[in-house]
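You will see two complexes here that share chain A, one where it goes with chain B and one where it goes with chain C.
Presenting the complex of A and B:
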């Protein structure tokens, strides 16, 4: 060791930093400013769309941790989200607890439900694990429709009052947007920290080579369970926010179909990367919005096709896009982005 | 060559020179009808380089698998510093201080060299999921602290210039070096190496031999090495255990093994079998 410790610590610190150059700080600051000012500059449904993207992002981040980082395939993320929505919803609707309590409890409830599937992941892998997590979907729907009506409302679902802090209620689109933005920012930061520290490396070790992970002292069983626990916790938080956003919770809001979309977002964005989860959630969500806007207009121009057909066709197109990614760019958009970034970094002096 | 200092806790607890660090007592391992090991016993002394040799399929890898808990022998017991470790899961045995490298490549392909080595520090780190989530403070401080030990190992293995590369992009020889680095990052009390030089060119082999000798010197730990290259084995081993068809057929120093008729017969027999 020739260099003094201080110099080393400084460089290691730089190694670990997420944002390194002044330009990156500028971009980041600009991005944050746009998010903060969106209610004032956004047109039309921008705020509503951004709110839904924020909620989706939290659920997709969780799925990224479970499936992309720790390699445990999960087709039940939407059911985990539903558990969070119902737990928070029931406490808010029946007992009138504050959202400061119900949202974390929603997360924990989903996490415990999810961890059960982590236990299953010890014995089964890949395709069979996927099938097992699909079962979560059916257990969830069945339970919510059959459990006592005083708890979860059965087929009628739950109706919530807006989240409130004293006399301040999150009862407008703009207000709930800021709530979702704050939580989404926190959860994104947390996911980044997690993946840069011991737990994140253990996840990737379990994903890449579980034998080698055992041999260096990683308890593979524990980390598989933890991956489901944390991923479902994210889903639960997302579900609870959803409950306060639409203020109505019902079992058929959380379908297997939604879980599949979440996986699609990961594939398009890029498996195993936090930035990939963000890109995937934003891009696919915006495309879906585009379809709901453009669909009726196309149907207007070509009435012979009929609205139903146009809508179905465009969804198929989006599904096709995901398949294209699986085949041609399995590393996702984040990989493209990294290539652009690299060439930009060395820009005046390309090799 | 940069110096690799022994981990503090290792230096503090010197093992008695007489007691074996690891001991196998009559282990028998079967897979269905195949008996991979039968009644195998041996001792690994403090800070010796102990080679395990034998023809293909003799049971060398199976022996290492029993030692680090991958396989559970049907009979016999294994001891680490006189603690019975038979039946413990691999991660528990690893935490006692049994480090291991693999036959072939078993790295974490999605991580950089530094992160592979930091993963090797896993059992010496304490950051939990919640601290990782918060990151600032505790987790960050631990990252920097552990990074220092990892950098020592990177220096020692002369892989400074590739530290940020994804291991998937490295040559075979370098990957084997990272594999060794990850095991060293555990600060092991004994190091098991399964054919560390297989598939390497002469230069890479020489480097690896140098590392094995230096590890024993610098860390004062025993190294158990499975190797086919007899020149290497005769050069560096203090003691050799020879396996054939799952039986120990000879044990002793290199000179004794070289002239042992049973060993010569096993190797000649293996030639004929092939």
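Presenting the complex of A and C:
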């Protein structure tokens, strides 16, 4: 990747910096300002949509680390999310712990659950691994519906009070939006940093060829388990936030279907890139919202399509997008974006 | 004691039905090195095709069932032509993702074409129960078990004894090598998807005979996964044994564990078996062992 003309790193600090030029700072500041001011400038459901995107983004980032960066296909991300939601929900609903404790504990519980299924990754690869994570999904649902009612409420689920700091409760859309925004920003920063570290490079080596990685001295077993641990930790955090957002946790919210959607977001955004996860989560979620809004109007014009048109159209759209992207642009939207950025920087030269 | 025996026997029959669906997985995997996550959806498309021809168009059984079988065969070939052909020679991950995309896409199409209502699946096979001594069986399942055995024998012969079957096996080993040996990878994948589409519809007829169905019945595709894994993804004959073992194990689990957990064990136990198989012997009972090179 080339830098803008005339930008050279003269110290190690400059070389490591994420943001290098004045214009990048300006754009970044503008972006942060828009995110912070969204509740005041946003119209309609903008804040609600942004909150859901933030939670989705955290789960998709975790999936990106496990599947995109470390190459371990994971179809149980929503089960891991569910574990986080249930752990945080049970602690908050039964023991009334503060969200400052329950959200990290939710993350850790999901991480441990994920790592147990990731242990299988030592012996099995590729889609065999995808199958264990599918099994995780079914076992999760069964366990949550069968464990004692005092813990997880069985089929009734758990009801939570809003997250609260002293007398300040995150009980409105705007307040929960800021909570989600803060956590999502922290998690994004963490993922970005992780991929620039030794661990991130080890993940990429394991993904590209795990036998070769073993030969050059990377502990493949450790890094595969770690990939699941971290990916599931992200899912757990997302689940815990979800629990505080809808204030109701139930096993039906975390289906295999949701995991498949998350994988679809990765494919469309771009595998193996943090920016790709962000683009995928935002683009697919916005498309979903668009269909939810436009769908009923289309159904009014063409009544033959029936009332299920909205749900069906979403599936056809996402399924179609995944197929088209795998065939025509396997590196996702982020690759397109990089091409545009590159040609802007070196304009008017073609190379 | 009697009810235990009945649990075991019915478990075995259900296991053989799962084996029929698992065989669709295995045939595609064995001849194309593609693992088809959309299998359950293809079963449902087959079921809706039978329903459309029989209940909506009012055609007699002997017209509508062959028509449905033929259309599902064409569907398989169409999927190969449009989606899998551009990916020949690509890495495994692309195939996994494209079948997941297919899974979502077909569900959308099914919802648009047939809607979410509960439909009554026509009784293609006789409904009367079969009585063997004191045991009572669903007649469709008994016929299904026989069909599974016949199909397994035929497919096993096809893949081990005929020229085309052996060529398809070479494709499963490696697309590039198969191509350089002059084997048509495209044809191999098309044949595999055609056969698999046909078997899916057959399984749908047996599974749903005379019952109510919605698009959610496609979960059977996932339920058949443990059977395919236990057998090893390359073994066709092994699927029958795998189906019997998983079916009987699930029957026993339902008998002994259901009172403890208040039901629902039968739905989750196959997946517990699956995790155990994957941890102990990932290649299954009869799968190919591969040596990896850098």
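Assume the second predicted complex is superposed on the first by the 327 of 351 C-alpha atoms of A that agree within 3 Å, B and C clash if a C-alpha of one lies under 4 Å from a C-alpha of the other, contacts with A are read in each partner's own complex, and residues count from 1 in each chain.
Quick note on the criterion: a residue touches a chain if its C-beta (ideal position, glycine included) is under 8 Å from a C-beta of that chain, and two chains touch if they have at least 3 such contacts.
Given the structure is predicted, the values throughout are model-derived calculations rather than measurements.
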* To do: Figure out whether A:286 sits in contact with chain B (first) or chain C (second), or with both, or with neither.
  => neither
* To do: Applying the touch criterion given at the start, work out whether A:212 contacts chain B, chain C, both or neither, answering first, second, both or neither.
  => both
* Asked: Who does A:272 touch here: chain B (first), chain C (second), both, or neither?
  -> first
* Asked: What is the contact status of A:226 with respect to chain B (first) and chain C (second): first, second, both, or neither?
  -> first
* To do: Classify the contacts of A:264 with the two partner chains as first (chain B alone), second (chain C alone), both, or neither.
  => second
* To do: Pick one for A:340: touches chain B only (first), chain C only (second), both, or neither.
  => neither
* To do: Scan A:34 for contacts with chain B and chain C and give back first, second, both or neither.
  => neither
* Structure fact -> The chain contacting more residues of chain A, comparing chain B with chain C, is C
* **Residues on chain A lying within both footprints (that of chain B and that of chain C)** => 209, 211-212, 215
* Structure fact -> In the complex, chain B touches chain A at residues 2, 68, 70, 89-91, 94-95, 99-100, 102, 106-111, 114-115, 118-120, 122-123, 125-129, 131-136, 139-140, 142-144, 147-148, 151-152, 155, 164, 182-183, 185-186
* Asked: Which part of chain A faces chain C closely enough to touch in the complex?
  -> 71, 73, 117, 120, 123-124, 126-128, 130-132, 134-135, 138-139, 141-142, 145-146, 209, 211-212, 215, 256, 260, 263-264, 267, 305-306, 308-309, 311-323, 326-327, 330
* Could you pull out which chain A residues touch chain B in their complex? => 1, 5, 8-9, 12-13, 15-16, 189-194, 196-202, 204-205, 207-209, 211-220, 226, 230, 272
* To do: Name, in rising order, each residue of chain C that touches chain A in their complex.
  => 35, 83, 86-87, 92-94, 96-98, 100-109, 111-112, 115-116, 222, 225, 229, 261-262, 264, 267-268, 271-272, 274-275, 278-279, 282, 292-294
